[in-house]
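Each of the next two complexes has chain A plus one more chain, namely chain B in the first and chain C in the second.
Right, the complex of A and B next:
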């Protein structure tokens, strides 16, 4: 059983914190994954037009790379990459006509039929370790920290690629880490995603609604697995407050950062230098990290 | 409701293209409005025409009218509408079909050069790849 790891473009640039914390956590848990030696951008979004098979080529090529390494699973950390790869994989497994066309188009590649399973770190942790076992490995529990688990869209929709039907995995992960999870109505709402470039004001308003929903329920922090959500909800928080002055500051972490922290990984693995300043401040106030880490 | 008239043969053909590109039969929509209630963009209050009315325009063959409205262009394909649709219609695919009919005429909705430099410098690559995939030809 081999697990190939697909990072995706953003994890090598603005979301290095998502990746560094995840890899440090996996090492701490003794789980071995191997990054694909060669991979390309998955296309960031799934192709939605029935007659547009060309855009399926990028994600399918990544799946072919995993298959030729002998991997039976492809592990992702980034929620949109998970979604795009999983949807392309379903297409290759289920639509014979399109599979033939795509395989013919990529004649330099071996034929692919959807045999590699695309997984996200959250369902990987559930299946390969289990949250009870994870809880036993926690050395620095997040006791008393009220965290809003934000699932967003890409892990749950559309249903055929959802990591689970009803959102529980982030809750269970955070509970295993000792944190107090805060349910909030906007847990699966959309932050506006890439419309931050097309309809900035609307995306900022959609993001503000999510932060407001979480803070009203008393959250001290919010976790996500998506670099786009992290950007809209975290990095753009000052712009959100320009439009919504009464919105309190809410630190936004990648779930892997809190995982690495609780597992006792070196604070440098959290790469808090890439997160908004409030993220470091909250952990320093709690004494979880030194103020200057 | 405003009377939108009967559809011409040309309008019917364009409407048929929407069904072809999306793989969805917009005629199945029964106008219940669940999609509008679920749409996070409509919930911001800045979107005048909700997805339900776009579906109605398409049913009447008014594809061009639907394409100039903001609804399809501000869709983030979050699939909240699809989850709630009692007719199991994949609305993000319908919105994509509306965009494609315009983009395939080589029209940019977002000009990459017009995105502010500060945003380009800070935005994750995934924001750019995704936005340009959905909003440029």
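Right, the complex of A and C next:
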């Protein structure tokens, strides 16, 4: 069983906190993963046009890279990368005609037929460690912290690439870390995604509805696995509160940051310098980290 | 000496669709000149270094487009070819001193980076076997150092740009990466700074004045006796001469 790790571009740029915390956590858990020595952008969003095979080339090339390393699984952290790669993989496994066309176009690469399984860190933790075992590794439990597990779209839709049919993995992870999970109706709603560029007000309203839903249920924090959700819900919170003044501040973390914290990783591994200031403040108030870390 | 020069074996080639017979040992460039083409530009160094003479060709019965430097690539029978000495590509002007060696600066100069769909046509055409698509991928994730490293062999012939469906000027982007890496990201060479300082403080003044006074015979002797680094030697090699050092 070989696992190839695919970071994705955003994790090397604006979401370095998602990656740093994940890698520190995996080290703490003794799960060794190796980054692919060669990889390209996954394409960022899956193409929705049935016949747009050109935009399948980028994710398929990454899958080929994993296959040629002898990996049987490709591990992702970023929800959009997971989604894009998993969808391209299904296409290659299931659509013979398109598989032939893509393989012919990419003739400089070995033929690929969907043999590498695309996994996300959440199902990787479930399958390779298990949440009960994870709970035993927690040295700094998040006792009393009320966290809203926000799944968004990319881990669950479309159903054929969902990491699970009904969203439970973030709940189970947070419970294993000792946190109190806060169920909220908007946990699988869309944050507005890329509409933040073209239809800003609409996206801000979509994100505000999610934050409102979580805070109404008493959440003190929200976790995501998606850099775009993190941007819309977290980095853009000041703009969002300009439009929705009654909305209280809600720290938005990558789930890997709370994982690393609970596993006793060095606070620097959380890269809170890349998160909105409220994220550090909440943890400092709880005494989980020093105020200046 | 015999005046009957040996007639070399001739092979048929097609230059821009027209059939010619040329000696089989000729390069594409020589073959084209042999058939009457005259290169005023687009022939550069003729030594496989400058990248001015890129050529594209197909072999008989093969759909692949191939490439090579016209001055280096030997003709093959039934080769269909054309020289493509220049391909227009946008080269941005920027102020090096104020340009930060960061992903955002490269993205601002060349936002078309994100039109790459990883089709790999650039890598496949590169006559220097540079992993062009890979360095574009590295730049998209902000890895300027890797892009600089991976594009090091680029001779800026422009064939990558000619094949790009995203209309990227890859070779110009790579040059920005190498300049930023070389001047702003890689460690400074301390020995260079030390030597410059030594020169500026006149450390070699006497030795140079001595050379200026030397007559032709003495210059010849000095030249013939100069110490050369052996072709095969380890990093620990140091010159015996200590003039000025």
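Following the convention adopted for this analysis, the second predicted complex is superposed on the first by the 293 of 293 C-alpha atoms of A that agree within 3 Å, B and C clash if a C-alpha of one lies under 4 Å from a C-alpha of the other, contacts with A are read in each partner's own complex, and residues count from 1 in each chain.
Following the convention adopted for this analysis, contacts are C-beta pairs under 8 Å (C-beta built on N, C-alpha and C of every residue); 3 or more make two chains touch, one makes a residue touch a chain.
Nothing here was measured: the structure is a model prediction, and the numbers come from that model.
Q: Quick one: on chain A, after the overlay, do chain B and chain C clash, or do they fit? Just give me the call.
A: fit
Q: Please name the chain, chain B or chain C, that touches the greater number of residues in chain A.
A: Tallying touched residues of chain A, the top partner is B.
Q: Once chain A of both complexes is superposed, is A:50 in touch with chain B (first), chain C (second), both, or neither?
A: Once the two structures are laid over each other on A, A:50 reaches chain B alone.
Q: Which partner does A:209 contact after superposing on A: first (chain B), second (chain C), both, neither?
A: Touch partner of A:209: chain B, not chain C.
Q: Considering only the touch criterion stated at the top, classify A:267 as touching first (chain B), second (chain C), both, or neither.
A: In the superposition, A:267 contacts neither chain B nor chain C.
Q: With both complexes superposed on chain A, which partner does A:276 reach: first (chain B), second (chain C), both or neither?
A: neither
Q: With the two structures laid over each other on chain A, which partner does A:201 touch: chain B (first), chain C (second), both, or neither?
A: first
Q: State whether A:61 touches chain B only (first), chain C only (second), both chains, or neither.
A: So A:61 only meets chain C here.
Q: Touching A:167, do we find chain B (first), chain C (second), both, or neither?
A: In the superposition, A:167 touches no partner, neither chain B nor chain C.
Q: Does chain B (first) or chain C (second) touch A:9, or do both, or does neither?
A: Touch partners of A:9: chain B and chain C.
Q: Go through the superposed model and pick first if A:157 touches only chain B, second if only chain C, both, or neither.
A: The first partner, chain B, only.
Q: Aligned on chain A, what is the least Cα gap between chain B and chain C? Give it in whole Å.
A: Here the least C-alpha separation of chain B and chain C stands at 6 Å.
Q: Share the list of chain A residues that count as touching for chain B in one structure and for chain C in the other.
A: 8-9, 13, 41, 43, 55
Q: In the complex formed with chain A, which residues of chain B make contact?
A: Touch list, chain B to chain A: 20-23, 40-41, 43-47, 70, 73-74, 76-80, 82-83, 90, 92-93, 96-97, 100, 109-110, 115, 119, 122-131, 133-135.
Q: Show me the residue ranges of chain C that touch chain A in the complex, using the header's touch definition.
A: That would be residues 103, 116-120, 124, 133-134, 136-137, 140-143 of chain C.
Q: Which chain A residues qualify as touching chain B in the complex?
A: 8-10, 13-15, 41, 43-46, 48-52, 55, 78, 80-81, 153, 157-159, 188-190, 192-203, 205-206, 209, 227-228, 230-231, 235
Q: Would you pull the chain A residues touching chain C in the complex into a rising list?
A: 7-9, 12-13, 38-41, 43, 54-55, 57-58, 61, 105-106, 108
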